[in-house]
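Naming follows writing order (A, B, C and D), and every chain is counted from residue 1.
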Amino acid sequence: MDQFLQQMVNGLSLGSIYALIALGYTMVYGIIKLINFAHGDIYMIGAYIGFAATTYVHLGFFPALILSMIVCAILGMIIERVAYKPLRNSSRITVLITAIGVSLLLEYSMMFFVGAEVRSYPKVLTNHLFHFGGVRVNMQQIYILVTAVALMILLQYIVTKTKTGKAMRAVSIDKDAAQLMGIRVDKTISITFAIGSAFAGAAGVLVGIYYNSIDPLMGMMPGLKAFVAAVFGGIGSIPGAMIGGLAIGIMETLVAGYGNSMYRDAAVFAFLILILILKPSGLLGKNEREKV
Amino acid sequence: MKKSLVLFLLLAMVVSLAGCSGSGDKNGGADANEIKIGINYELTGAVASYGESSVNGILMAFDEINAAGGINGMKIVPVQFDNKSEPAEATSLATRLMTQEGVVAALGPATSGNFMATIPVAMGNKVPIISASATADKGVTVDDKGNVNEYVFRLCFNDSFQGVTMANFAFNNLNATKAVIIQDNSSDYGKGLAENFKATFEAAGGTIVAHEGYVAKDKDFNAILTSIKGKDFDVIFIPGYYQEAGLIIKQARDQGIDAPILGADGFDSPVLLELAGAEALNDVYFSNHYSSIDEDPLVKEFIKAYKEKNGVEPNAFNALGYDLGMFIADAVERAGSADPEAIKDALAETKGFVGVTGTFDMGEDHNPIKSAVVIGLENGVQATSVKVDPN
Amino acid sequence: MLIIDKLTRSFGGLTAVSNVSMQINKGELVGIIGPNGAGKTTLFNLLTGVYEPSSGTIKLELNGEEVNIGGLKPYNVTKAGLARTFQNIRLFKDLTVLDNVRIAMHQNVQYKLPSSFFRFNNFYQEEDKLLEEAEQLLDIFKMSHKKNELAKNLPYGEQRHLEIVRALATKPAVLLLDEPAAGMNPFETEELTNTIKWIREEFDLTVLLIEHDMSLVMEICERIFVLDYGMLIASGTPAEIRTNKRVIEAYLGEDVSNA
Amino acid sequence: MRVLSKKNIMILAGLILTFAIVYALRNFGILTSFHEITIAMVCINIILGVSLNLITGFTGQLSLGHAGFMAIGAYVCALINMELNSTFGFILGVLAGAIIAALVGVLIGIPTLRLKGDYLAIATLGMAEIIRVIFLNLEITNGAAGLNGIPRYTNWFWLFFFTVTTVVLISNFINSSHGRACISIREDEIAAESMGINTTQYKVIAFAIGAFFAGIAGALYSSYFYFLRPEIFGFLKSIDILIIVVLGGLGSITGSVIAGILIAVLTAALQSFAALRMIIYALLLIIIMLFRPQGIMGTKEITDLLNFSKRE
């Protein structure tokens, strides 16, 4: 029993990392329907900025986190302006390729400047252990889960309650109509990218601290998994991204812990495909019927 | 129309630039005072860090040799390409180095798979290739039928030597009878080590109670560790590289698993200490080429020089790369000419080459005959070293 | 010809088509009218297989055989002999006029998959036949000079025409037209009216038509069904509908009698 | 006979000439073995690009898993080839690889092709990952260590033969009624269904045909590079293939051919830039897409351009 509970804790902490990345992902996806392959790499950049801030400038956790979020927000806006905006009326696959280009550019520019070797963070957060019976919970695991939930609530609030959020939803449903209603579409998309990228940056710093290991290609797999999580929960749905992230984390943990760890990723993908076949728009996704 | 023109010019520029740099090197080949050595390594892609480390070591060796006047007055000119960590690219580059760039020998790639992809090219073009880190047992220096690949050399252990060494170490020195294997399932290195460890350990009378796997760049191993924690075992063997091994050790110790942890030369990197932290690195043993507590002046000097140049301690790839650079230079010097055939013979006839990673003779099967050390860590510092000779 | 019996379709809590029964005879030209949201297009979507009915049956009687087409996939409905146009034009925009027509003829093509790779003799025979028939059809509608234009480059009126041509290319027995005159000027509508009358004769069709333009419906339809809130509230000849109280109520303000 | 039309004879003459010129250049030593590798990559790229174009460009189904089919073709061919080690074994391997890839394509296609857009993309991506993980864990494929010592039978003749066959067969298909049925799905799935086209069936057909030819490409690859490892067929390989398709133009076979050549030549040209190569590649990719979002050819084919100039 203890072991199972421990595995659930493992799964939740892994899942909350996927959720953290997936939240920003689903937001950007929601507004321009772009599989933003560069999202995972912004997360990587965020991790490196946090690394530089804590290691070389000796900033504390919060200043480093804020700095990383700001830089990533600006980076996200620049990427959108330079690489995606000119293609807003092109086919979506074209933008997808551009996103892949941006992703490769970020990865290999980083590798060129800092090298391919992994780096490790200095200790900036306590990793005090708590024992609940036989189950161990790390303080950092709690930080990450709490941050993910807090960000989810914040995002949900922004999207549903604020004026900017309303503009975002309007743009995501119909760009042209939103434009006609006086919404500044470009600005709204820019803000969405800024928020989504800032979240990715925050995730990067947290993961850097938690696992104590960053490298220029660290964003590739989590970026993909976050996309899977977003699809799993229903693309564009904020609670969906959270649930999707947690579900995938728990699933991976259970397969590795009780099944065959060699088939972990395959099992996750198989389960995803199964879910999609049963529920083609993800768990919380709206099943949009095309009007005939 | 204008846009397409700009685009076309841009493309033309890149292609012609690439062409220029290629042909520039070719003209250099005619110079009798230069000796061209190919460097075919993973500088981008999944295993870029190994390639990058190896090339660092090689270039450091070349710099030292050139600073000291070169080989018989000839300067070494490294011809360096990136194979993107892809076997097909490695093949293409080996061909390019041998047929276009006119190198006398090619170094790399770092991983067995990519290195093996270049073997047919070397055999076909009769230019020697040497790897410092291709450890696979089969298909490297000896082909499937048991014939030695005449132009293929390496200066590292093969997987069976290290796997067997660590299995014996576990069984004899640590008195372990039950082991867990957590294997890097994405590299041939991990697979080769795991197979040999398992076979030897079981033959000696031990049992493998769990055999788990992970893939490179994984960061979370808690699921595997929680599941093995409930099992009864004496040691954990991690056939893999320091990037993941460091994290596995840290997370295992965090979970309260204090069984000895074993590995191979993939552990040898200062990054292991950074990732795992000093307090986690107790009761950790791995086989390696040399130990930093070694009193050998060559080792000490290399570590000091490397630290001065790069600001960090060298890892196994750096050291092997450095030796690789020195080794090829030594062979060229002994061959007395820039003829690949003569260099190949010199490589095969190596006797008593003294390197940082050990002193060795080149064996009949083109594997170096050298001893390993099993290093024990205490608080992240190398505390013990046991020498193991090849049988 | 077409027998619809107690057809119902609901989306969640909303019943878009409720217990509708109607019978359409061979060769008739029938109109379906109703205010916005009355369920006209949903009815069409049920008839053509885009939606599955929640309950009720749709039967198509053809050459003495009766086929239940309710719940069939759209392509099988088309095979059974029902073709349609779309309210919001759904041409294959980036393809030529000729290809639009040829695609609709695909279901009658005889050669099999291997022949499309290796071009056996029957490939050439069939493709020639296909081309000939498609050009004939376009000729009839005086569009053959535009056969190599992309569909999206046609003027609006011609796009509407092409929709009809494309539907005819499937060789239907029943043709369903979903607001064919939408967005047309009176002159174009006039022309369309004649075309519809003419194709019914020429192709020996039964025509079912949804239309907002009352002048068109009243002029050409022999019978009219009126839907409101998903229910059938009246049916009869144009003259009967014009004076029907419930219809006038339903339209409330829309002047039916003067049309 | 229509097959012997003037146009076809011209094409045939052009092909024979191309074949002969490359063959001669190689025999005179003007083309070295390094050029030969680039040529092999060109051919493999073209087969992959054209086959994915059928799925994504013509039928409009975004697939991020093409490398999975390539992997199946490669492994099946390599295993047969290593067992038989003869030209017959090679041909058998290529065909078996292609057919098994196509069968897997059908098996995977039937459930997943009901999905739309990005959901399909992620499902195909997942399927390719599953295929790769299976190869990573199977005994017969030798796991992560991969297969080596695969006999080389792929040569200029077979590369040329299979590339031309792929291009001819797929463009034949596209210009047939069945091919037009596939294209209509891309244009408007609902309208296509209403015009009597069984869209699910045609999606699966396109998927299977694409998988078949990807299998051929994989088989040629395995028998050219002596060596196979599961990681060759990772997610990035699928992306590389998609790049060829989009760069050439979605829905243009000529485009895929040109982009296949361009990418192979560019890859070879960028080798000299060592660690900078991927940065330059990424920049070029972004710039090309910004300046020519529709790809090099758009949806045009070379025949369209020739006809156009004739009319002028």
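A few points about this structure:
Everything that follows uses one rule, which is that a contact is a pair of C-beta atoms (placed from the backbone, for glycine too) under 8 Å apart; a residue touches a chain by one contact, two chains touch by 3 or more.
These numbers were taken from a predicted model, which means no experiment stands behind them.
Among the other chains, C has the CA centre that is most remote from the centre of subunit D.
Nearest to the overall CA centre, using the mean of each chain's CA atoms, is chain D.
Centroids of subunit B and subunit C (each the mean of its C-alpha atoms) stand 71 Å apart. Inter-chain centre distance (subunit A to subunit D, centres taken as mean C-alpha positions): 32 Å. Centre-to-centre spacing of subunit B and subunit D amounts to 35 Å, using the average Cα coordinate of each chain. Distance from the subunit A centre to the subunit C centre is 47 Å, each centre being the mean of its Cα atoms.
With touch defined as above, residues shared between interfaces to two or more other chains in subunit A number as follows: 108, 111, 262, 265, 292.
Shared contact sites, meaning residues of subunit C that touch two or more other chains, fall at 50, 86. For subunit B, the set of residues that touch two or more other chains comprises 43-44, 46, 52, 185. For subunit C in complex with subunit D, the residues that touch the partner chain are 48-50, 73-75, 78-79, 83-84, 86, 90-95, 99, 102-107, 109, 111, 113, 115-119, 123-124, 126-127, 130, 166-167, 169-170. The touching residues of subunit A, counted against subunit B in their complex, run 3, 6-7, 10-11, 13-14, 17, 108, 111, 115-120, 127, 129, 136, 138, 207, 211-213, 215, 217-218, 220-221, 252-254, 256-258, 261-262, 265.
For subunit D in complex with subunit B, the residues that touch the partner chain are 32-34, 36-38, 41, 136-137, 143-146, 148-149, 152, 221, 225-227, 229, 231-232, 262, 265-275, 277-278, 280, 284, 287-288, 291-292. Against subunit D, in their complex, subunit B makes its touches with residues 3-4, 6-7, 10-11, 14-15, 18-19, 21-22, 43-44, 46, 52, 80-82, 84, 86-89, 91-93, 95-96, 99-100, 112-113, 116-117, 119-121, 124-125, 136, 139, 143-144, 184-188, 190-192. Put simply, subunit D touches subunit A in their complex at residues 56, 62, 111-112, 114-116, 118-119, 121-123, 125-127, 129-130, 133-134, 136-137, 190, 235, 239, 242-243, 246-247, 250, 275-276, 278-279, 281-283, 285-286, 289-290, 293-295.
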